[in-house]
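As structure tokens, here come the structures.
The following pair of complexes shares a single chain, subunit A, combined with subunit B in the former and subunit C in the latter.
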Partner chain A sequence: MFIKIDLQSEIPIYTQLQNRIIEGIVSGDLKAGEPLPSVRTMASDLGVNMHTVNKAYNFLKQDGFIQIHRQKGVVINPDGMPEVTSEYLGKFKQEIRPIIAEALCRGMKEEDFSTFCQEVFNNLQEKRG
Partner chain B sequence: MFIKIDLQSEIPIYTQLQNRIIEGIVSGDLKAGEPLPSVRTMASDLGVNMHTVNKAYNFLKQDGFIQIHRQKGVVINPDGMPEVTSEYLGKFKQEIRPIIAEALCRGMKEEDFSTFCQEVFNNLQEKRG
Partner chain C sequence: MNSIIAMGVMYSSFLMVGMVLAFMPYLTRKTESFGVTIPEDIYHSDGLKNMRKKYSVQALIILILLSIGSAVLSYKAITPERASLIFGIGLTLLIACLFGLYLKYHFTMKRLKEDNQWEAEKPQAVVIDTSFRNHKLAYSNLWFLLPALIMLGTLAITVIYFDQIPPRIALQYDLSGEVTRWADKSYGALMWIPVQQLFMIVLFVLINSIISRAKQQINAANPEKSLIQNQIFRLRWSAYIVVTAISMVILFGSIQMSFIFNVHPKVTLLISGLLTGMLIIYAIILSVSTGQGGSRVKVSEGKATEEIDRDDDKYWKLGQFYFNPNDPTIFIEKRFGIGWTINFASVKGWLILAGIIAIVIASQFIYKI
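Then we have the complex of A and B:
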């Protein structure tokens, strides 16, 4: 799987890395139990600090997307993905709130909001096929 | 308007400040032409660096949410809010993509996604009344 990071972006690199891996799982590029590069290799591949990769991996591990084994290394969680918990829902609403606020501020209609989200849903899911 | 910043959050402070101001506009707490504290005052009030406030104000100015005058100071754009441009739509989809990806990964259904967004929409808009 090819991971592309934008070093100029305002989005922290560890967040971009988390996002790319989650998108890889959604698209089916990264399957349950599949190994990810070690922290060292991933850092070297992306040209970023090992600490940055470590941070991304630790967040992904904490949330249950990956497992980190001393011997097997880093793998996509073979026991399945985390679910929609109430803790996650809190985070979800916190993350989506500023996006919806800006959309409202700019006068986007709720039905247009739904349509644009639908497009992103389809785009993420069609890769799965 | 009372602005609350979470200094422990993973979200950069300048981003939180931008978000709070945009939410303030949506809720009607901040009206067109209304003055915002100077960079110095806002930084002092929040206990953050002036550079941080400057960054937030500059992004808000760039996007057309506020105006920065040498004499009148910082005001909510009196000429109205920016619109849904194609550039903004690109940013919108980029921002919402990782949120939708994680939701899909966790098995959230599209109708549930819509319901949760609806709740955030209502919560932001009901304050307007």
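Then we have the complex of A and C:
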């Protein structure tokens, strides 16, 4: 799968990397058990510090999207994806709050908000096939 | 007569090296111009076309003057050693002059870029393929078993026919085929060539491994196309390395055979001339048909995007030396050249470079006879 990192974006590189990998899993571009480049290789190919890639991989590992083995290296979790846990719900609500707050500040209507959410949700689910 | 043939071989390689350097602006990636990052469409602008043309014409003039000058001096030289010394000086001078010419264009290009702000509106991105290294990027190192077998064969024949070998063996010939260095027959002296062969094989295995490991460099403006081009580029040069390893080991093997069997030095000279000539021509054909990073390989168009490659000019000192402490990359494509260079900020890079130089020097001196 191609991973594109926008270098002028305000979003930190490790977050972009994390987002792209999760999106790749959703769309099926990255299959369960599929290997990812090692930290060193990924950092070298992207031309970024190894800490950056390490950070992204560690978050993904903590959440259960990938596994990091000593021998096999980095793979997409072959035992399936993490589920919606109460812990995740807490994080989810916390993360979506400022997004809704900004939309409200700008005067976005509830139905518009729902429509946009629905659009993105459907778009990603379609890719999943 | 022989020395004229030898000089012909030397100076035709001189010309070929010079020609590749003179036409280098046409062989680089199209996202670079004289060591400066540019958007690809700018590469095709009239201004840059003129610059490339001017550079090539000037480089060719330098090449012609220097090759005529040093060929005449070599020809008039009193001894063959003096002739090859003049050749060496001429070649060094050629590379130095063309680097100077490059620098002039590099700085002009830098100023041009500053004035024009080509990259201002275009988003810079870096694109990688997560499965890049699952593709076949180089031929297996097992191919080097072939030259290794030839080396063992050389060794075996030497041992079997040891009694037939004359008591004095010719170690070095000058360009006219006269022996300039003799050695008394001994196992030690006869091990020199197999040791050379071994060093060469190690070196080529190292280079082949570098080819598959070097940094992935996909053009963000057209990732799909660039990915295939890059793969082809690596595979073709890996094949070249395998062929070179086999040829060089055969060449050295044939020299060893000339110690054992009564081969005329002219035959050995002919074999070495033909093999090296073939390797040089092969390298030129590859450079022209493939281009740096595979930029000249014709593949289907792929999808063009809005993004352009990251501008990392500040890490390219003089446009040619990569120094980026934040990048763990060791090997990266050359900017103004064909092949790879090291990240000079990487300690490992320096160590590997030192290792390669050590192998080359050791192969010459470890075995003094």
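Everything that follows uses one rule, which is that the second predicted complex is superposed on the first by the 129 of 129 C-alpha atoms of A that agree within 3 Å, B and C clash if a C-alpha of one lies under 4 Å from a C-alpha of the other, contacts with A are read in each partner's own complex, and residues count from 1 in each chain.
In the analysis below, contacts are C-beta pairs under 8 Å (C-beta built on N, C-alpha and C of every residue); 3 or more make two chains touch, one makes a residue touch a chain.
No experiment lies behind these values; they were computed from the predicted model shown.
Within the superposed three-chain model, A:R97 lies in touch with subunit B and out of touch with subunit C [touch as defined at top].
Once chain A of one complex is fitted onto chain A of the other, the partner contacts of A:V75 are absent, as it touches neither subunit B nor subunit C.
Of the two partner chains placed by superposition, only subunit C is touched by A:I5; subunit B is not. Judged by the touch definition given at the top, the superposed model places A:P37 against subunit C, while subunit B stays out of reach.
In the superposed three-chain model, the partner touching more residues of subunit A is B, compared with the other of subunit B and subunit C. Judged by the touch definition given at the top, the superposed model places A:L46 against subunit C, while subunit B stays out of reach. Residues common to the contacts of subunit A with subunit B and with subunit C across the two structures: none.
Residues 123-134, 215-216, 218, 220, 223, 307, 310, 312, 324, 326-330 of subunit C touch subunit A in their complex. By the touch criterion given at the top, residues 1-8, 24, 30, 34-37, 40-50 of subunit A touch subunit C in their complex.
Put simply, subunit B touches subunit A in their complex at residues 10, 12, 15, 18-19, 22-23, 25-26, 65, 81-84, 88-89, 92-93, 95-108, 110, 112-114, 116-121, 124-125.
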